[in-house]
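In the two complexes below, subunit A is the common chain; its partner is subunit B in one and subunit C in the other.
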Partner chain A sequence: MSITVTVDGSELEIAEGTTVLEAANLADAWVPTLCFDERQAPFGACRVCLVAIESTPKPLPACTTPCRDGMVIDTHDATARRVATAVVELVLSELPTAPEPHTELGRIADRLEVTGSRWPGATHELGQDFRHPYLAFQHELCISCGRCVRACDEVQGAFALTATGRGFQSNVAAGLDAGFEDSSCVSCGACADTCPTDAITEITLLDGVAAQRPPRPRERGRRKRRPLASE
Partner chain B sequence: MSTTDADRFDKTVTTTCGYCGVGCRLEAHARQGRIVSISPADDGPANEGHTCLKGRFAHQFTRSRDRLTSPLIRENGDLRVASWDEALQKIVSELTRIKDTYGPDAIAGLASSRATNEDCYAMQRLIRAAIGTNNIDNCSRVCHSPTSFAMRRSFGLSGATGSFSDIDDADVAVLIGVNPTQGHPVVGARIKQAALRGCKLVTIDPRRIELADYGALHLAPRPGSNAAVVLGLSHVIRRDGLIDATFIAERTEGYAALEELLDVYTPQAVQEISGVPAAQLEQAAHLYGEAGTGCLLWGLGVTEHKYGSEVVQLLCNLAMMTGKVGKRGSALLPLRGQNNVQGSSDMGALPDTYTAYRRVDDEETAQLFEQAWGVSLSRRVGYKIPEMFDAAVAGDLKAMYVFGEDIAQTDPDTAHVQHALESLEFMVCQEIFENETTQYADVVLPASAFLEKCGTFVNAERRFQLVEASIDPPGGARTDFEIITTVSRMLGHEMGWTTPWDALDEVARLTPHYAGVSYERLGRTGLQWPVRADGSDSPTLYDQYFDRAGGKGAFAALPYKAPGDAPDREFPLVLVTGRVLQHYNSGTMTRRTGNADLVDRDWLEIHPDDADRLWICEGDTVSIRSRVGATELDARITDRIERGHVFTTFHFPETRTNLLIGQSADVNTSCPEYKVVAVDVRPIAEQPAFTPQLTGV
Partner chain C sequence: MSQNLVELIRRHHAVDAPSALEVLKQAVEDHGEVTDDDRRHAAELSGVPEAAVYGISTFYDDLLVRRGQRHVRVCTGTACFAATGDEHVREIEDTFGLKLGERSVDGSVSLVETVCLGFCHSSPAVRDGDTIDAGPDVIRRVADDRARPALEPAWRSLLATPVLTEPADWSGLRRALIELGPEALLAQVEAAKVRGRGGAGFPAGTKWKFTKAAKGDEKFIVANGDEGDPGSYIDKYLMEQTPNRLLEGLALAGFAVGARHGFVLTRSEYPLSKPALDLAIARAHADGWLGTDILGSGFDFDVTIVEGAGSYVVGEETALLACLQGLRGTVSARPPFPAERGVFNRPTVVNNVETLCNMSFIAASGADAYHALSPDSETAGSKLVCFNERFVRPTIYEVPFGISMRELCEDVAGGLKSGRAIKAIQLGGPLGGILPASKLDTAFDFDALAAEGCMVGHGSILAFDETTDMRAVATHLLRFGAHESCGKCFPCRIGLRRAYDEFASDAAVDRARFEQLLEALELGSLCAHGGGIPAPMRSLLRHFPDELGLT
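Take a look at the complex of A and B:
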């Protein structure tokens, strides 16, 4: 069974069960995502993939919303984009350094034109663990998107990673926080592969990056705000 | 998502993993000629954006200081550095001398299952056309040759009947003699996810493998009793009316003879032979028989036995009885060990067949290749690997050209192999590292690893996939393709290829099953053979008919027979060998990476009760002695293994596990019986320390 939806003005025939995010991708419309990875079940936690859907009162997350016949989707909606941008800004407010440009968070911040945060305050303390031969923890960069935990569960099935702490303290840990080697980790690296911030990454890549690019001081201040296309 | 970024990498190449037969598609990221990182390709059909720690991280070996970077020649007992010209001249003059003195059949070659199809095809052409003998084999001999033999007998073609993705649609999966989460991690992860979604697993293995914890049922038969277990399953399926009578009537032949045989394999009788409780056997048969779709997966725990090939035929019976073959979700998936063990055999690097398993004594096939290569070819079937060693000891084989295989470490009965290699007049090793085998070589040629060459691999689901170089071979090392074609040219047989793709085109031209294979068509996701001339491929085999004369599948009425070795008073325990996740076979590659920090030795796994009885504590060094040899290992006490059994891996040369293995082998294919060895285990203090014999070092 196929249904018809409209994405940013163009009609699209899609299979039933397709999510709004998948439909947007098929229509080549960009929807920012942070907690989404196509190898994992949609999670709907980050609220960065919000889009406007005709006849719904508020923007909806594209990744968890299934399409229905005749749905009209607007990926450029000003409210949705403003909320998404604010979410990214809040995420950045907790990090001690600006995200590296090669990371997914860095790319999204760049595309949403978020260069800093309006909210000063505490940032995560350095929490580095380089004991494993390949995998590095940089806990200070963790944004609690849960992608590594879900990769470990849903892709590899090692169940080695857990979300820990609450609120500002929330982070991720291997096993009972004793490091990868003392957990059920099988070193597959799916966590490093999906991490959008380098909170879990490959040690060899860190060395390479460190040699090339010293850590930059965090930029504080107001983000540039240019009118969005739909404004 | 890969975090590819121009700042961090100056080159990214999509290639196929060179570890294990799963065939993950990888993105290899390099900077300044070195691999910096590897990430999985999201569109890889076998891995779908995932890979294991070997594929992702174990690439440091490519830049190891141990890499061979110039040819070596043995002089006064020691290897010395030589130029390529000198080394190649020596090879050509020695091979010519031996061929002229003793005839071409005194020379044998081994192709490498870690190398590309094009390398293997070139190697068999070198041996057949430039030397003039069919003495060519590859290491599928010691792993899945029984599978190949049996599936050709039962169904017609030598390969999995479906794809890994069939597991996603299976209601039940029966795993026998295979430990995918260790040996084939990405398929292991796929099976585990399927199990978490509700696919029922039946695991059959003397060890309680990790997937048993996620399964519906685990059976632990005595090593060597697989045939009885499979016959018992068939008995229950027939007795309880779980057969697909229409499928049997329309698609198969020989069922009556099997029915007659099955009568005696009652669950009770099978319990006597295998130790599997009758009730569990009945339950397993019902799980498989009642399911709408079901996959059968097996590994070396089935094949590396005296009657390994027969057990594979019995598994084919089981699938045909229940109609679970040739449709989506019902596949027979032998998990091939090395990355290209399927392809090296498909390419004809076997003593009895050309490409696609066409026999060397078939006149029409031989003439086809004679015409293509412009030489006359031998119709005589050549030596299999174990026969090569016997012939060397007997003085009939005088020279070997060993390409990418460490036979002195990996083949059974190490002492016999060493004797054979010492008996040779001349041996060439084409390798990336010095190893146990190069210690016997007269010329060592520095070759290239999978990240340094171009070509194709065929994975365990019959998928041709592209391999493309992301870095150059180090120092003076050359690609295998270049070396083999050069040696052939110097021996007077010009192959007429400039790139591996020319060789691939020749394979496609001369092989109807691969007719549509080409570099352009393989693209990012590859093609599963048979590939027709129009480029359409075959994810599922036998959906309409089997590939045998008459189109019917053949039942095989084969009774259980006792294995080649059995425990007795002197050797009361049974040794089983296998792999561990972190290392890959002889370990030449993975031991030179961070994986060695994760696992740094082979362990002997032993049940707590046996350990108590033998006064062995965790971590103790123990001596382990079989009828043919002895070695030492550190003990690890675990109840994952049954009482009366011990288990070890074979990744470290200092362990020399294969000193323990005797000459017993599969009756049809000579695949060694690695999986049933009677041994005696003692704490080291109780018996004088035995140092493994290291003759020739």
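Take a look at the complex of A and C:
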């Protein structure tokens, strides 16, 4: 059965069960995403795919919202775009270095015109692991989008990866956090392929010099604060 | 939540394998910490992959500690904060010469914080080993190694005929099985318009109807006993003092929607809840109220109690289901809703403990009698509210909706001790708005409180007295928010940390930037945790802007 929706003023007929993000893509409307990969089930974590839907009080995430017949979708809504931009700015604030321009995060930040972050404070600790012959971790670049974990679970079925920690300390690990080699990893590279930030990369694709390069620390204000229990 | 992991867990559960979380909890009980050997063992027993077990072991507070021979947990909930301004935390750190989260070099003592022990009527509270002590002198008693179990004040009802504060007698289930049948029971629950008592206020009958209509022979009922809201101890009383009422509510839900099994997820911060419920289940089996062919009706129902491991967000229904199955307690996007895909990917009703405790009265007395419990309100039924230690008579009261906040605070709970004045009230937990003393004539009801940016929430009424520093309140709430963020959605994961950092510093807070952050949290967050913290922050900005150190 098909239903009709309107995306940015254009009507289109789509199959029932289509998500708002899929409908927007069919209509060639650009919706930014960070945690979405079309090979995986929608996750709804990054919240940058927010769009306005007529007669709903607040923006909704396009990736996890199913289309209803007659739905009117606005991918340019100012509120939705303002929140998405604020979220990308928060993401940049957790990284010790600006995202590389070739990464998905770098491209999205560029298109949303987020050039840096006004938020001082802690960034992710350096956690580089080049022990595996083909796959490298740079944990400090992880934005907890869950794409690598889902690639390993849903695409490869190896279950070698997991999300770790919680809150700001969230990250990813292979096996019992002893690296890819001491895990059920089959070196398929699906995690590196989907990673939007180079937190997991295929070593052969890395510039050997870049892999060894120390990160560029950003200037951070020093603040007195009581640590969180999770730190 | 990974559908593959849930399917793995379902298959292992079918052959009575323990969950990974149960095995890891047992390791901490046994030798004070989780080691890699414990993780491998948990993976082997539960069938969950090693990496996933590692992820679980790094999520829950209880699994992150290295316990000493003597493990001391100090409550840092909002009632304890309102009582001492966190002075009790500094005192206990000095007593042991340890900071929160540390273990002494010789391994004799460990000190951690916990939120919240549910002794908000007697704050501050400390759990020393298995003993929960509370009161103004608690730190001295713990220092002298003579902690004693704190008493819990009796609850009271303002109703002519008390409902929720009385022992339950299974008369609702008897009537449902013998007279009503499942359709008429569901019709009564829908007509009663029971709104969820855990915070969101969603109609319980609608959840039941959706679950009943969902495809599949196997369905489940889950009671959300993860009353993590600091300042609330209502579900604690319901689970520990009248556990039969909850079991009866679960059985009624099962009968109405066609489920044969129920679960209760209890909190590890309430160590008496699971034993009280397990004992009540054993008695109910002996008396014929649980088990097979109950009262000869052909209806089978049983209940399993699962204890959590320290996480506030597990009170959100999708995170609750993840925890119940032993996974990381992170939130999942809806749809699919639990009514369609819940425990073991099967249709599941998730109701709050107090919500389910309303069902025996509705089944026994009908929807009209239920509406009559709150004669001055459109809202049906009664509500349990609880007060913090600042009040003269802090305990749980059963009250009708529509009563004024002033009557509750001044007449029922007796105002504040030592002639202190109420500066502000936080209602319904850390995600509830803050009502200044000037607004005490507001009615205690869903719509009236919403108009003031507040909510009924869990029903906690927590007073800050005139000595309270409201910037410290903001910092306290944001610290809790940042610590408890599950880490799934980006606005909450990063935004609450940034907000906490701003308020915890000595610097002035940029109001415009902070309000932009509140918008991103409120509109962008996946669940009510990140989406809810802006409510008390907006109350503070509105009513106490001069105290927040804004620029």
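Just so it is clear, the second predicted complex is superposed on the first by the 208 of 231 C-alpha atoms of A that agree within 3 Å, B and C clash if a C-alpha of one lies under 4 Å from a C-alpha of the other, contacts with A are read in each partner's own complex, and residues count from 1 in each chain.
The rule we apply is simple: a residue touches a chain if its C-beta (ideal position, glycine included) is under 8 Å from a C-beta of that chain, and two chains touch if they have at least 3 such contacts.
Only a predicted model underlies this, so the values are computations on that prediction, with no experimental measurement involved.
Once subunit A is used to superpose the two complexes, subunit B occupies space next to subunit C without a clash.
Shared-chain residue A:27: touches no atom of subunit B or subunit C. Greater residue coverage of subunit A by touch, when subunit B is weighed against subunit C, goes to C.
Within the superposed three-chain model, A:114 lies out of touch with both subunit B and subunit C [touch as defined at top]. In the superposition on chain A, A:187 makes contact with subunit B only, while subunit C stays out of contact range.
By the touch criterion defined above, A:44 lies against subunit C but remains apart from subunit B after alignment on the C-alpha atoms of chain A. After overlaying the two complexes on the shared chain, residue contacts for A:104 are found with subunit B alone; subunit C is out of touch. Touch criterion met: A:154 reaches subunit B and subunit C at once.
When both complexes are overlaid on chain A, the residue A:166 reaches subunit C alone and has no touch with subunit B.
Overlay on chain A (Cα): least separation between subunit B and subunit C is 6 Å.
Contacts of subunit A with subunit B, set against its contacts with subunit C after fitting on chain A, overlap at residues 154, 157. Of all residues in subunit A, those touching subunit B in their complex are 37-39, 101-104, 133-134, 154-157, 181, 186-190, 193-194, 196, 198, 202, 204-205, 208-209, 212-213. Listed in rising order, the residues of subunit B touching subunit A in the complex are 1-5, 7-8, 31, 36-37, 39-40, 42, 48-53, 56-57, 181, 185, 189, 192-193, 196, 581-582, 594-595, 597-598. Interface residues of subunit C facing subunit A in the complex, by the touch rule stated above, are 2-5, 36, 39-40, 49-55, 58-59, 61, 64, 100-101, 112-113, 311, 328, 330, 332-335, 479, 482-491, 493-498, 500-501, 504-507, 513, 516-517, 519-520, 523-526.
Those residues of subunit A whose C-beta lies close enough to touch subunit C in the complex are 34, 41-48, 50, 58-59, 61, 64, 66, 79-80, 82-84, 86-87, 90-91, 93-94, 118-122, 143-144, 146, 150, 153-154, 157, 159-170, 173-177, 183-184, 223-226, 228-230.
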